[in-house]
Amino acid sequence: MIEQIREKAKELLASGEVKVVIGYENGGLPETTRPVFITSPDEVDRLVWNKYCYANLATFLWRKEVSSLGKPAIVAKGCDVKAIVVLIQESQIKREDVVILGVTCTGVGDPPLSKCPICDVNTPREYDCLFGEEIPPKTDINKFADVDEFEKKSPEERWEFWEEQLSKCVKCYACRQVCPMCYCEICIADKNQPQWIETSSHTRGNYHWNLVRAWHLAGRCVDCLECERVCPVDIPLSLVNRRLAKSVKARFGYEPGYDTEAPPPFTDFKPQDPEEFIK
Amino acid sequence: MTEEHAAAVQPTVAHSGGNGLENIYLPQLMVIQEITQETPDVKSMKLVFKDEEMQKNFSFRTGQFGEFTVFGVGESTFNICSSQTWKDHIECCFRKVGRVTSALWEMNEGEIIGFRGPYGNWYPVEKMEGQNILFIAGGIALPPVRCMIWHALDMRDKFKDITILYGARTVADLVFKRELEEWQKRDDVTIVTTVDPGGETPDWKGKIGFVPTVLKEVSPSSDNTIALVCGPPIMIKFTLPVLLEQGFAREDILTSLENRMKCGLGKCGRCNVGKVYICKDGPIFTAAAVALLPEEY
Amino acid sequence: MSRIGVFVCHCGENIARMVDVTRVAEETAKLPGVAVSVDYRYMCSDPGQNMIKEAIREHKLDGVVVAACSPQMHEPTFRAAVVEGGLNPYLCEMANIREHCSWVHTDKELATQKAIDLVRIMVEKVGKNQELFPIKVPVTKRALVIGGGIAGIQAALDIASGGHEVVLVEREPSIGGNMARLSETFPTLDCSQCILTPRMVEVDRDPRITLYTYAEVEEVGGFVGNFKVKIRQKAKSVIADLCNGCGDCWNKCPQKKIPSEFDAGLGYRTAIYVPFPQAVPNTPVIDRERCTKFLKDKCGICEKVCTLNAIDYTMEDEIIEVEVGAIVVATGYDLFSVGKDQPNEQWTGYGEYNYDAYPDVIDGIQFERLLSASGPTQGEIRRPSDGKEPKSVVFIACVGSRDPEKGLEYCSKICCMYIAKHAMLYKHKVHDGQPYVFYMDIRAGGKNYEEFVRRAIEEDGVLYIRGRVSKIYKDGEQLVVVGADTLSDSQVQVRADLVVLATAIVPHRDAYELAQKIGFGCGSQGFFSEAHPKLRPVETNTAGIYLAGACQAPKDIPDAVAQAGAAASKVQLLFSSDELEREPIIASVNEATCVHCRNCIRVCPYSAITDKEIKDKKGNLIKMVAEVNEGLCLGCGACVAACPSKSIQLAGFNDEQVFAEITALGSG
Amino acid sequence: MTGDSKEKQNAEQVEKTRQPILKTLRVENLNDLVRKGLDLGYRVFAPVKDDRLVTFEQISSPEEAFLDGITSRTSPKSVLFPRTERIFSYKIRKDEIVVEDNADISQPTMIFGCRPCDAASFPIMDRLFQWDYQDRFWIERRKGMVIIAVSCLDCDDACFCTSVGLAPDSTEGSDILLTLVSRDQYLAEVMTEKGEDFAEKTGLFDEAGADLDKETATKAVREKLGKKFDLDKIKPWLDENYEHEFWAEVTRMCIGCGICTYVCPTCHCFDLVDEAHYDGGAKIKNWDACQFAAFTVHASGHNPRPDQISRHRQRIMHKYKYYPDNLGAVLCTGCGRCVRHCPMEVNLIRILKGISDMEKAGVGEE
Amino acid sequence: MSDETKTEDKPAAAEKEWQPRIIAFVCNWCTYAGADLAGTSRMVYEPHVRIIKLPCSGRIDVSFIIKAFEQGADGVMVSGCHPGDCHYTAGNYHARRRFGGFRDLLEFCGFDMRRVVFSWVSAAEGKKWADLVNEAVAKIRELGPFKEYQKLLAEDIWRKEETNSDRETG
């Protein structure tokens, strides 16, 4: 599969159709890969594809350090493509301004990350060319099994769990910086007029930060688990995101990352939206 | 940082000692004595230490800056825009732009703010003595130069002729308007004020044009002259070549850099440009020193 | 603001009884930023208001908090007083310590503490208030009227007589709309042509009205007072200025067998035609789909016979751009068809009446054409199938209307009246004919309406049968109408030579697209949505756009004309001043931090936020941002809550103000 | 180099040249060492394992300490330089402010079980916090602190202490360095008076025979570490190459999260903010990072370091050029945390190797 | 907020019996007017709710709710116009979606959802507003202060010392 990707990358770069190919190359440490930005055809051999290609490269589509290089092609597995779809939906990039080299993926990580067994986008839903044979999407999967499990706990247990987890947060904002959906020029956490989110990392400040971060990803998070992978203090950040994804699916029947035309759920409404919680 | 500067670097303000070393981040209380509104978004303030004792033995060197605290809001860096020769109070001038300056804008006379300092280096008055001085300032950058102007005027005999060139976008943006007139009246100072084209009012008597162009017209002689230049980066970028053309050596041109600062005493890393910490090794630099710095100010 | 004045009102006993007002004044005096804090028996009285004005001057206040009744009551009063004191009105806020506090609590200590908190909230908020000035928007004093029916005509005439220019756009070759197709009108039976044609001529003659017929609105941009409209003038192939309407062309035109829309398919017209003799303007148009010159490039007779050579086959469609300050939408209605093909997927046709297969089953407008002297049968009632005079005619009410199963629940309001009229006129023309009417309820609520229906029954012998018709089938020459008669509780079969269905009033097929194009709301059935059914019936939620006539809901001619007058007066109101003054509680975008995710653009109910390109001096694009149109924004703030980075703020309720209000309670 | 900080340099030199006193400690007495420390009133910090995460936490019993594993994820710098710390507090009344200098930093602390690279970070940072202005929060706590390090017997691909002049068993910064020389015995090198005094108070150390040496114990790990780049070539290249397309090539994938600076034992940049309620508040010192965009933005909106490439260059320049220029020490101990935990695996070793090989090989090749 | 932080010049008041503190974010056109109606009809309800007025329920942001708890509120009420009545046509529809998602998030994090009350109150439903307030205050009085969040506030490093030193300086 990797030979065809390199071939296609070389062809795209040589023809000038794209100025940079965003992909993975082998990392310095064992069992790691690193994002790479190939600009000349004879460097395509640095591109690799293996089960350590964790990073969601969609985050580089809007970063000026990469977008300044010109029209990109991007090696993207299913969950990354979902992120690209949401970026298109929110007019951060146009579909015609990116060449998507879709890669069928049977799971990253050794053992595979928790998202991979319940993945329904082994074959990306959007691509310009596809590498690896098509895998039919799984249908009998419950994406929110761990959320259902966690919800069985009592409110006290849940509060205690999160208070203990969030007290560890050191506010390095890696979860924000790695997320393809966090493209705000100045994040609300960096604004001090007014200072909604306190910059100190005492638990109160961490509560506000993590609640708002999860909230801003409601109906947008494609569950690529990057935030959880990078968190230096191992907070299960994606659990909260999945709870909101479950809520958005249950309440509004919406799943992000599948339809570039659909309006984001919280910018739309239907007269018969559920209001069971409203007195 | 020069030896002499290092020796003087211990803040002369006596801090209430905690256990052992003093807390270098602890501000002292100052009372706002007088507020003047300079322009629609710039104010200047006269400040006096709450503790008279501290006011008496407080000293600083012209050109240094301080960290001003608005309690409950935050801290901001302003140049002490009064001369070291005035012992009874210090002054600062600020534009309403951020969180702290907006809160300071709302304060009234008699209210209390915090002060830490003095920090940074100062104008090399000894080296400037016996020379002509050319002051060039743009917009809100007059205060870092004004302190030296008053210092020079208080010891007028120590300096040859003094020329002041001060420009702003519009007439309303000129700060310290009263003092501009006062300097106009003095015969031992030549002062030229200008506004950007289109910024003039019908009864504006001064020049019309950008500071660099007006500087070409004034074309002060460069021999035995020290130039002090303060202003937005765009103005510095166009004024420097004019001065060099006039024959000014880079060592004789002084400027004050405006990097973002937080601790003001070389610890927090914010103002680190190249190997230099602007808050300790500056903010006042010769054009020669600035040329050595990487383009990060 | 740093010098705030707090004024606590006793409201006689209303507040003082349950809230220790002096303590409230004392406590608030201690708040940082409060310069003066007093209490007084009646703040809203003149001495009370003067107290505020003097305090502003004396203490150089830059913020005022009045702790009294609900802002709904006296906010305007105190804001006016503050203006007289020399302060911007938006630096004055009210703390509601009466309706929300003294009137509803019984524990004086807790009520006083609540009052102190409510005042502290407002003091903190006023501390962050900025001076706001009413938004001034220039008004183009010219109106656009879409639709040339009676409503559109009336609106155009009223606006023009008010001294303003009007642009009237009509899709058909002539104005007149549905009313022109009627024979007589209830309840006075005066001939519709006689009362309509003078108005049509007036429109044509009035210099302030520019009339575009055979033209459609292509695009509407801009906002109230500054709409930019693009009108597509379809090519008539006839040069209006040269043509004097002599008629040589349409008399000689060989294409005689084109079904006339005006006669609802009962009569024919030629390829080059005027819809009806009294057409205004009296200029023919060439129907390019049916004219052999355009289809096979043969014929060209009309050009030959035209002595004034006013025919020009090379004419093209033309886009006319016009700037208007207000738009009146009067696009009228269509009739529901019982056929299989329905424009709205929730509607179903009438299989029971064999859809529209029988030629002798016609609808109300077709019967009007038969009655009309200028109609295809010159006013004689003849059966479309064989031209014989029908001796028994069955009129069926509520076909489509009041029929949830067919998808239309509403009553079309005017059918009962025109059924009575049809039956009456039929009897006047065919004295020995027998009209039957199947009805559910007779709805004749207008002036002299009930009397009119009584006359039809008593004087003209119309046989009213209370019941629904379940089936119509052909039997030999005649049609058998099978229905119930609920009054005699029996099945009824009537052999009819002709059946007239009173089908429902429905919006035009493309009503929804027009609403989207112009930018206002449309109900689920396709009728245009008024701002408020009772209090603002002729306005829409989009400022500067008004409604008149049946496009808003089924209605008769008197109502349509009344609405047209109302819409015209709203336009006069808008044009009464050179500038539009709007409440300055609007949103604004911080372009430095906006990343153009378009959340705000999507949630804005008034489509007041649009995309904006930021370019550098050389013109290449730096970034895209959102931009608020001051004319359209009504200040609901939905955009602020939708913006993740809070790059858009609502003046008067921005984040700094709300933050200050919340943190004021943190002191407790 | 300024005058008075010269004396500081000499003091450290003296400290360094002081001959280490060799002692031994039985492995089973290791836990008693912690108990003694607790009895002596020290707040003891040690690596604590929670699932996969090993961080430096305060412990109340020796069993909580976790000494295996290469090193902890966060560094012990948070003991002297906490992520969030109150500098002073104040009360706001209408026309009166009461400032209280009430940060209590008196209680002595003991760092137990850190690695030599962590221990070495403290003397390096001493220079900054004593540079002209004496930062009481660091210096007072540092005075009362005892550092008991444990030499490394294993390393991973991220470690590069040998390439910055340290070693798996280097003694810089440690009061006592324990090296496991046999199955049941540690060689204890007591480096400082504090170490000596602490060793006596605990009474757990016995004299060391002459035959004990640590080279053999740490020989394997030293060879495994080898030399990943030539430190001497770094600064000369940095002096000349502020503008070089190498920077963009190797740091374009950096996403500007703060992990490398937050886990680094020697990164010390911080922010001062006020946190207040209505009637009072406090000055809070928080960690900050040159990697954050808002670190250097001017009030006017101008940002001298506009993109991630310039910010990442600043981190390397500061550590390997500016800090040595100003304070005579490389601001890095080669602990490898920034390499280990970088989400995009920018890999500082790769960059420094790229620089040191600049003349020979091409740019940034593996 | 415990009462020791009152200004010192007041004698240290006897530890006052705790009163629930509830913040209500309401829309100006319906619920605020409904509360006015409750006033004009002299209905009686508990005095522990502080109303913050906003133009529309669509303006209410999730940070308002979190910041209210951070400021020591024991309960938060959020109320707007009934769907279809919104003065701005669609504000409450957007609000309904946001509150729906956000309450699921709070519940998931262990917030006691009886402390957060969402409601629609029209300008004519003064009675409904009074009942809602009474019901909320009763429920929160039964639940007591929001201990879990107060613990986070107690972690407020400046406030903890202040109460100790406050006691020392008396």
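The letters A, B, C, D and E name the chains in turn, as written, and every chain counts its residues from 1.
Assume a residue touches a chain if its C-beta (ideal position, glycine included) is under 8 Å from a C-beta of that chain, and two chains touch if they have at least 3 such contacts.
Because the structure is predicted, anything quoted here is derived from the model rather than measured.
Identification of common neighbours of chain A and chain C yields B, D, E.
Two chain pairs, A-E and A-B, are compared here, and A-E has more C-beta pairs in contact (counted per touch definition above). Distance from the centre of chain C peaks at D, each centre being the average of the chain's Cα atoms. For the pair chain D and chain E, the distance between C-alpha centroids works out to 46 Å. Centroids built from CA atoms put chain C at 63 Å from chain B. Averaged C-alpha coordinates put the centre of chain C at 41 Å from the centre of chain E. Of all residues in chain D, those touching 2 or more other chains are 84, 92, 271, 273, 275, 277, 279-281, 284, listed in ascending order. Counting only residues that touch two or more partner chains, chain A has 186, 188, 193, 196, 202, 266-268.
Counting only residues that touch two or more partner chains, chain C has 30, 592, 603, 642, 655, 659, 663, 666-667. Within the complex, the chain C residues that touch chain B are 1-3, 33, 127. Interface residues of chain D facing chain C in the complex, by the touch rule stated above, are 92, 94, 277-279, 301. Listing the residues of chain D that touch chain B in their complex gives 2-4, 87-88, 90, 92, 95-97, 99, 101, 103, 106, 128-129, 131-137, 139-140, 242, 268-274, 276, 280-281, 283, 285, 288, 290, 295-300, 302, 304-305, 310, 314, 318, 321-322, 325-326. Of all residues in chain C, those touching chain D in their complex are 30-32, 592, 663-664, 666-667.
Of all residues in chain B, only 106-108 touch chain C in the complex they form.
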